[in-house]
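Alright, structures below, take your time with them.
Both complexes below contain chain A, partnered by chain B and then by chain C.
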Partner chain A sequence: MKILKLPKANFNKFLLGLNNYGEVHIPKKKSEETYVFAPMEDPSEVALEYLRTVIPPKKYFFKPKEALFKHSDGKNFIEHIEDVNKKLILFGLHPCDIHGLKILDIVFGTGYIDKYYFARRKNTLIIGLSCMPDEKCFCRSMGTDATEDGFDLFLSELKNSYLVTVGSSQGDDITNDMKDLLTEITRKDTNEYLKIRNERKKRFTLQLDISDLPYILELQRESEVWEDLGKKCLCCGSCSMVCPTCSCFNIYDKLSLDTKQTERVRQWDSCLFKDYAVVAGGHNFRANRADRVRNRYYHKQHGFVTQFGKPSCTGCGRCIQYCPTQIHVVEVFNKVRGED
Partner chain B sequence: MTPQHTLLDYSSKARVENVMIPHIARLVRVIPMVQDNYLFLFRFEDPHLNETFIYKPGQFVELTVIGTGEAPISISSTPTRKGVLEMCVRRMGRVTNALYNLPENSFVGLRGPYGNGYPVDDMKGHDVLIIAGGLGMAPLRSLLNYILDNRNQFGRLILMYGTKTPDDVLFRDELESLTRRGDLECLLAVEQAYQYPGAHPWRGKIGLVTDLFQYVKNINVPNTIAAICGPPIFYKFVLEKLLKMNFSKDHILMSLERRMECGVGKCGHCAIGYKYTCIDGPIFTYWDVINMPELIEF
Partner chain C sequence: MNKKPKIGIFGLTSCAGDQLAILNCEDELITIADAFDILDWEMAKTNNDKVTELDIAFVEGVVAQTRDLEALQAIRKRSKLLVAIGTCAVWGGVAAMKNQIPREILKKEVYGEEINVVDAVEALPVRSFVKTDILLPGCPIEKEQFLQIAASLLHGDLPELLNFSVCSECKMRENPCLVVEKGEVCCGALTVSGCNARCPSHNIPCGGCHGPIEEVHYDANYTMFEQRGITKEEIQNKMANFATPAWMGQKLISEIK
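== the complex of A and B ==
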């Protein structure tokens, strides 16, 4: 593995240099505690201190709303893939969000392949960035607090520099092009990195024990936890929208005003919305809030684990931060485990 | 098949055929069967596709009425008779209404076939008991005709089909003519055979579909596979009967319906517990069904 060092003095030049490879998107501060991934206009905008954006990077690959194809007078359905030729550089993804994308790679790439997702995935470079957890991060429990792949470059912050790990051939090209900004790493850098890692480990305060969790969930299917949660949850769907691994969608047709052209649209949906499992004729297979809440939790920590061997949760803490009624995913599971 | 997280892997996945885009087909004929349940016949515009569109009984397509939307519909025809796809569609809401309003020869979109379909290869060599209630005949007709077209590969074949009245019997002419075949026990029942002037006289039985069991003797239960499809109350009584006869739970095949949007295992809507109806189903064994963590009310 190729690892180099980027002195902080060269960091702005490095960010600017990324413009040569495509449109650079960075974490930006919108307001107190509100961060978003957005296009970089100036390197000074980069919010290096950010921990989590409201909307995760999934929005670049699985768009909140997009046309899938169009149909006009002719016989054919015309494929439409938004941003299919756009080169994108996503700078500043923390390990949990890189894992979020790796989970979506599984969802959209297993069985039938989602061309829309991968058309954009292949045109995007991912540049990771290390982080210091807060009280809502439990990535360490999910095994997503570090990553060995899923990025082109990864920057680990030291006091006066970044370690730059090269994760792909394209990442290698960038470090070759920018070799004037980069230096070799030394023994001292390694030691500094280890010290920071140990410090970081101590900073994790939130923990979720997932060993045996699918089995415990199996036993706790009828637990009152779900009824109670159903009473508290507004089924607003915010937790699905901000979740880096939630990927449900609706499909509908949109007619242009002159009725000459139709678009097939898909749009983010949430399994918590009331009509999610309504079928024609009106029957609702999950009419109760408790059933819908349980379904979300079981999907993440049971169904996905059974199917793919790991949970579809990265421990990013977004759902904890953005739930309007302070539902806390870790507290819920701890209750289910009888550990509260 | 774990993903590679490499550019090569992403590129190859970006090049695949786009499964979300339907094929253009033409609505070639509409045959009224019963009130609000017509048979729609489709042909792909690409003549090649009519030959290469291979499906199994029990699979479904996503049918697009252009400008209105999509709906999952079972294929009622059999893959052994190529050229035309037949679908029995009930008028329910937006998309199905729009389909009923389409003139013959209009273009529609079809994508699929989706779902697992009936395990016809595993069923070969077995006796097959098909039990349908009401509209449940639609997917089962594909299986029935498939078996009839490969008749020597299957054992004894029994069809039991029940509806409320003779006017509700789907494929009535076709099924009545099958009652004359020697290699199929075709039993039809209606709850009420009321007759209005000029009505086609009812020659089947009167009663519930489960009453038809009295007319079939010596079912070799261990060697029989039952394929059943109908409304919830139908499942309740038919399952009770089959279990009393000692049918093994994985010899009972059921077709389940859930909300579907994508048909390809991505949108999440059709999930029951940890299974996706669109890819793991819609055909499930009764054993699968009772082990589905989200309770199904019959």
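== the complex of A and C ==
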């Protein structure tokens, strides 16, 4: 592992330098509480203070809506992968979002390999950025508050500089190209990093005990918690859209008036939507709102754990921030544990 | 469908905005006219055929007069498929906004005691009276959705229409949430998408003009805003505008006697 130092005085030059490797996307401020990943026009736009964007980086690889292929006259299928040749640099991902991508890599890479997702994934460089948690962050409980891989470069903020960790050969190329902007780290930097790291550890106020959660969930399938939650949830789908690991989609054909051209479209879906589990013949496996809400929680902390050995929640806090009825995922699981 | 489908486009009591939305499909109008045999469309053409059986009837508006009902029943009788277009036809829309007040009282309030020539009945959507095969809400309808329906029907298929909330589309556009961030009464969570969150994307709360999603959680919608100090009446005033008959059906709004 190679670690270098980027003085803050060189930071803008570093960001501008990234333009040489592809289209740079950065966190930007959209309103008082709203941040988004968007193309960088100027380094001054970068919102280094941001904690979470509305939509996580999944939008670049698993697009909200895209045509998978087109055909005419019922034949001549033309495969269509949007942005397949676009080199992208995603700057500023916090560890939870890097873990989110690592989870999606499992989802889209197990069994059937989703080439649409991976075509863009392999053309993208990930540059991570350290953060200080707020009251909605519980990544530390999920083991996603730090990461050793999943990035090309990772910037850890110190007072006057960033420690730059190299995570890939492409990241190494960038640091070699920009060596004039970078210096060696000193003992003093290490001490400063440790101080900040320990301070960060103390700042986590929200915790979720996941030690035996799948087991408890198995026992609590019929708990009244789910019925109560069904009374509170609007099934609006906001939490699914903003979740870094929610990856359900719907597929439909977009027909044209001349009856010759057709597109097969994939669009984000959510297990909270009423018609999500409707099958041929009209039966709905999860017709009740409470069943749908429970399903979402079980998939994150039970089903995914059983299948892949870890939960598919990164503790990013987006579902807490964006739920219009203030449903709080940690409070829900605490209730299921009988700990509220 | 092998032959050109015979279609008619009709308006009951309405602003004609949905028919106008079809006319506004300027780039596609020639294709539409080529693909369909438009027999009856009073708003757009002369020499309308009023008797031939239709494959598809598109109907806009509400039944707000007795003659609307007669017209609607005649349309249903001569059409294999009936597509209700616009929020009025699907939910009652603006014309049904004050359905909790009996028409007799409204008539007097608006036209005075003397005048009694208005043939007004309680405004109700098309589907309260006849079988509707496809529902396309919107005030007005979205051009893209209309074209999708037309294309599906041409292929002999039924269209796939979205049935999730505006919130989801709003999130996809990464708009600041007007409920969470500003505490405004936004109808996004109970309103069916299709508009690509047009209003919230301009920082205006959703007014609910597309009508409710398939399964509205009325209680949770009330709670969401009551928690933020907004009264039940204010919430209703904002949220029930485009689908008052549905709210009355849920006994959330009661008739004023």
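FYI, the second predicted complex is superposed on the first by the 338 of 340 C-alpha atoms of A that agree within 3 Å, B and C clash if a C-alpha of one lies under 4 Å from a C-alpha of the other, contacts with A are read in each partner's own complex, and residues count from 1 in each chain.
Here is the rule we use: a contact is a pair of C-beta atoms (placed from the backbone, for glycine too) under 8 Å apart; a residue touches a chain by one contact, two chains touch by 3 or more.
Bear in mind that the values here come from a model prediction, so they are computed numbers and not experimental data.
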TODO: Examine A:Y112 and indicate which partner it touches, taking first as chain B and second as chain C; both and neither are also allowed.
DONE: first
Open item on the list: I want to verify the contact counts: of chain B and chain C, which reaches more residues of chain A?
Closed with: B
Open item on the list: Going by the contact rule set out at the top, does A:E49 touch chain B (first), chain C (second), both, or neither?
Closed with: neither
- [ ] Determine, under the contact definition given at the top, whether A:C235 touches first (chain B), second (chain C), both, or neither.
- [x] second
- [ ] Please indicate which partner A:K274 is in contact with in the superposed arrangement: first for chain B, second for chain C, both, or neither.
- [x] second
TODO: Applying the touch criterion given at the start, work out whether A:L255 contacts chain B, chain C, both or neither, answering first, second, both or neither.
DONE: both
Open item on the list: Which partner chains sit in contact with A:D212 here, chain B, chain C, both or neither? Use first/second/both/neither.
Closed with: neither
- [ ] Enumerate the residues of chain A that count as touching chain B in its complex and touching chain C in the other.
- [x] 252-253, 255, 259
TODO: Please give the residue numbers of chain B that touch chain A in the complex, ascending.
DONE: 1-3, 5-7, 9-11, 13-22, 24, 45, 64, 66-71, 92-93, 96, 107, 109, 257-259, 261-262, 264-269, 271-274, 279, 293-294
Task: Contacting residues of chain C [partner chain A, same complex] - done: 28, 31-32, 35, 147-148, 150-152, 154-155, 157, 160, 163-165, 167-168, 171-172, 174-177, 179-181, 188-190, 213-215, 217, 219-221, 223-224, 227
Task: chain A - residues contacting chain C, complex - done: 30-34, 36, 53-55, 64-65, 231-238, 240-242, 252-259, 268, 270, 273-275, 289, 321-326
Open item on the list: For a test of understanding, state which residues of chain A touch chain B in their complex under the given definition.
Closed with: 68-69, 71, 75-77, 79, 102, 105-116, 118-119, 121-122, 149-150, 168-170, 218, 221, 247-253, 255, 259, 262, 264, 266, 269, 271, 276-281, 285-286, 291, 295, 298-299, 302-303, 306-307
